[in-house]
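What follows is a pair of complexes built around subunit A, which joins subunit B in one and subunit C in the other.
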Partner chain A sequence: MNAKRIDKIATGVLYAIAAFVVIILVALLGYILVQGVPEISWHFLTSPALSFEAGGGIGIQLFNSFYLLFLALLISLPISLGAGIYLNEYAPQNTITGLIRTTIEILSSLPSVVVGLFGYLFFVVQFKLGFSILSGAFALTVFNLPILTRSIEEALANISNDQREAGYALGLSRWETVTKIVVPAALPSIITGVVLSAGRIFGEAAALIYTAGQSAPALNFHDWNPFNISSPLSPMRPAETLAVHIWKINSEGIMPDAKAVSAGASAVLIIAVLLFNFLARWLGKRLYKHLTAE
Partner chain B sequence: MDKIRASLLKKSIASKIERRGKIISLTCLALIILVVFLIFYFVASRGLATFFQNHINFWQFLSGTQWNPGTTGTNGQPAVGALPMIVGSFLITILSALVATPFAIGTAVFMTEISPRRGAQILRPVTELLVGIPSVVYGFIGLQVVVPFVRNTFGGSGYGILSGTFVLFVMILPTVTSMSADALNAVPRYYREASLALGATRWQTIYKVVLRAAIPGMLTAIVFGMARAFGEALAVQMVIGNATLLPQNLVSPASTLTSILTMGIGNTVMGSLQNNALWSLAMILLLMSLVFNMVIRYIGRKGKLNNER
Partner chain C sequence: MADNTNLTTSQRNIMKFDPKDHEIALSTEDLHVFYGKTEGISEGDLQFERYKISALIGPSGSGKSTYLRSLNRMNDRIATVKGKIMYRGLDINSDAIDVYEMRRHIGMVFQRPNPFAKSIYENIAFALRQRGMNKKQDLDEIVERSLRQAAMWDQVKDDLNKSALALSGGQQQRLCIARAIAIKPDILLLDEPASALDPVSTSQIEDTLLELKQNYTIIIVTHNMQQASRISDYTAFFNLGKVLEYAETGDIFTNPKVDLTNDYISGNFG
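After this line comes the complex of A and B, so read on.
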């Protein structure tokens, strides 16, 4: 067999593999959407879940997911911004910095179930926060910190040194240069990173089962005082999220329409992740245009 | 005169702000490092209690095949043999990586070498999107599609290593594909041009030049996928059957470290042997993720050396 023949065969095989993978991936997305989208209705998205009868919704779980996401970002964004700034702007190039980077890498490679167990031990048991939104938000923060720090550090590293030198030439201190010139210039990519990490947090379940809990008590959507336990804003109530809900109804098997509910909930999750992806790209582009006046 | 002297010797407002900023950002970084140490400390302190407080022999823990903490096994010791879970975890990780690798690398080669335009327009965005799909969704599909398929084709209950492998295969496929594609893209263009100029066909160029140059990057991608498979909890837990038995075949119910952890932690009392034994499983998980991390770093360093030579 000559080389040309082999080349043709190999190309054919590669085409087949790629086609097979595309079929798997498209079938996967298609399955979720075809099974799930018909289940989605206004009633489904807003009414509370029912345990023993069919026809329940995912209203509280959906709200919990967004609330947890919001709190987790609120805590993790300032911390990772600070850490990213230090790593990129101040840290000297030496062994200690290398070790710190390794440590952050280790944190980002930890299985999310381990993060969840740590959250259970530390926040739920040690700090007596119980199964609560707060514990869940802290666990998600631990989960999110390394990824966000890394993306912010990369965003800052991509800003050219001319910008920093311009700042110093104007007599600004290093910190002022960073906060007034470098961070605003890196804002589009920072925001893209934040929204992408939001997509990951939104679908996380393993870190939440033993921190935010697996129950969703009824909420009074007219009471917005965070200190009342039935208020949606209360940080001390247990809060099952959408992803945890899918896991729970499938492993317990007492809900008669578990399949339909999880199909609908999966579709909602996927659509949310899709939206986060598009939002990240769109916001990044939009802000970049706005800032550079292109 | 003294006023001027004082103002010269005093720190300016700008330098105070500078100092404060530096301290704030360093504190943030220190906080993250602290969290990592806390994780290791807390998990290790619980996980080691099995061996130091409950006096379980470490080797018996690793090699025992009976898992039923709270009751005593045939040797009179509490039945905490973690071998079934360890075997389950490794089996499922290695099998899914074995299945995923050819598909991932084939697709990555297609994306970068054969049809870069279609790769960039269709395959790339789709794989990147799939990386972000929550693992419970994979678990749900596994439960609805894979388990019945395995049951009807291979017999048994459908729950087991095989179903777990299928689910993890689909789950790590996008990750490994997009990382392999990055590795292939990083191979300099002139490698390909040199090879083609020597009269090599496209396949010869791919096989003898591009793939070899990208080996470290692709190995990293595979190990990364394995680490993800090893640590995945819920998707696996939903399809593997969670029987703490040594897997006899690929379609009998089995269990992994993560699946037993997610099932058990909530049902045991803090400080009891049952609970401590679970934390020992978590400790193994933690150590394995360290090992994966070290392997990735080792490959990265080796790859750099090769390229510099």
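After this line comes the complex of A and C, so read on.
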């Protein structure tokens, strides 16, 4: 065989592999959406789940997922930002920094069910937080921290050193240069990273089963005092999320329309995660444009 | 070709100013720069006269940029600088110096234009605001004056809120100069400011520097010998981490005392 022929064959094989990957993705998405989208209605999205009868919705689970996401980001974003800034801007390149980086890498490859069990022992049992949104938010923080730290560190590393020198040459301190020049310039990619990690948290189930719990008690949407246990904002109430709900009804759901609810909930979950991804791209591009030219 | 190795150590010709006739803005004494254990610069002893342009020339790797960057301590955390850098009777290379304050007196412009990812106006106003200047009127005034001094006010006066990154390379570099002079330094260090620019932008920058000389002491590193001879009053020739010759620019280019300088300016090496 000559080189030209081999090249043609290799190209063909690569095309076939790429097509295979795309087909799997499209088939999966298509199946979930075709099965689930017909189940989605306003009633389905807003009413509470029913355990024994048909016609239940996912309203509370949906709210729980967003609230948990919000709390988890509220805790993990400042920590990751601090860690990312330290690692990229302040840390000397030595063994200790290397050790920190390795630790973060190991942490990011922990299976989420292990994070969940750790959260159960540590937050739920040891700190007596019980099955609660707070326990769930902490578990998600453990799950999210390494990835977010990594993406923020990378975003900062991509900012050219020229920018830092420009700040120093104007008599700005390192802190001023980092906070007022480097971080703003890295903002588009930082935000992209945050939104992408939000998508991952939103779809997470295993880390939450034993931390945020598997029950979704009725919420009083007229009571916004976070200290009342029936308030939607209460961080101490158990809160089944959408992903956990899907797992639950598929393993032990006894409502007659379990299949339909599961399909609908899966479709909503997938759509939400896709929206997060598109939002990340759109926001990142928009901010970048805003910064480079108006 | 002549064997230069022993000349590098023996032949040197460094001009010293008579303090009665020349006001010294900045000088270095026994300056050594180390990268880890390797010595980048040994004995850079130069004096820079106020309101003059002094050029640092020399082949790549001769240490001229390293020397320049040491003058406002941009090499902190990168290299170890030993020796004295005297500015207004102060050794600014000592630990007691507030580096951030010192850099407001000794500003710098870099080889690659590096405007902030902010508007043209903010590029200039930002550092001033960080030091407590908040009055819009004052800021407007300084922005306009700095841009005029950098000879770009007429081109950008209607686009002050546009991103600086949308400017051309030459305009970006002039914005960097405007940004540096906005905080009113005494001394302006320029590290090959025109090497990334086209000939038209280069000559505009040179005109700007000649204009700025009236109010600023300028020290410029350049690769370009024509540029050094066109704009500078004094020229220092660097080779292998040492200053070999420092004299009036006319003398350096017409009548160098050191053989290596002669070789370099006649294009025999570098």
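A few remarks follow.
Here, the second predicted complex is superposed on the first by the 270 of 294 C-alpha atoms of A that agree within 3 Å, B and C clash if a C-alpha of one lies under 4 Å from a C-alpha of the other, contacts with A are read in each partner's own complex, and residues count from 1 in each chain.
Please note the rule applied: contacts are C-beta pairs under 8 Å (C-beta built on N, C-alpha and C of every residue); 3 or more make two chains touch, one makes a residue touch a chain.
None of the values given here were measured: they were computed from a predicted structure.
In the superposed model, A:160 makes contact with subunit C only, not with subunit B. In the superposed pair of complexes, A:269 makes contact with subunit B only, with no contact to subunit C. By the touch criterion defined above, A:184 lies against subunit C but remains apart from subunit B after alignment on the C-alpha atoms of chain A.
Of the two partner chains placed by superposition, only subunit B is touched by A:107; subunit C is not.
In the superposition on chain A, A:200 makes contact with subunit B only, not with subunit C.
When the two structures are aligned on the shared chain, A:173 is found in touch with subunit B and with subunit C. Of the two partner chains placed around the shared chain by superposition, neither subunit B nor subunit C is touched by A:231.
Contact with neither subunit B nor subunit C is seen for A:47 once the two complexes are overlaid on the shared chain. Contacts of A:122 after superposition on the shared chain: subunit B is touched, whereas subunit C is not. Judged by the document's definition of touching, subunit A residues 172-173, 176 lie at the interface with subunit B and also at the interface with subunit C.
Across the complex, subunit B meets subunit A through its residues 14-15, 17-18, 20-22, 24-29, 31-33, 35-36, 38-39, 42-43, 46, 102-104, 106-107, 109-111, 114-115, 122-123, 126-130, 132-137, 139-141, 143-145, 170, 173-174, 177, 200-204, 206-207, 227, 230-234, 237-238, 258, 261-262, 265-266, 270, 279, 282, 285-286, 289-290, 292-293, 297.
By the touch rule above, subunit A contacts subunit C in their complex via residues 160, 162-163, 165-173, 176, 180-181, 184-185, 291-294.
Chain contact summary for the complex, subunit C toward subunit A: residues 72, 74, 100-104, 107-110, 112, 114-119, 126-127, 130-131, 161-163, 165-166, 176, 179-180, 183. Listing the residues of subunit A that touch subunit B in their complex gives 3-4, 6-7, 10-11, 13-15, 17-18, 20-22, 24-26, 28-29, 31-32, 35, 78-83, 85-87, 89-91, 100, 102-107, 109-115, 117-118, 120-122, 125-126, 142, 145-146, 149, 172-176, 178-179, 196, 199-200, 202-206, 209-210, 243-244, 246-247, 250-251, 259, 262-263, 266, 269-270, 273-274, 276-277.
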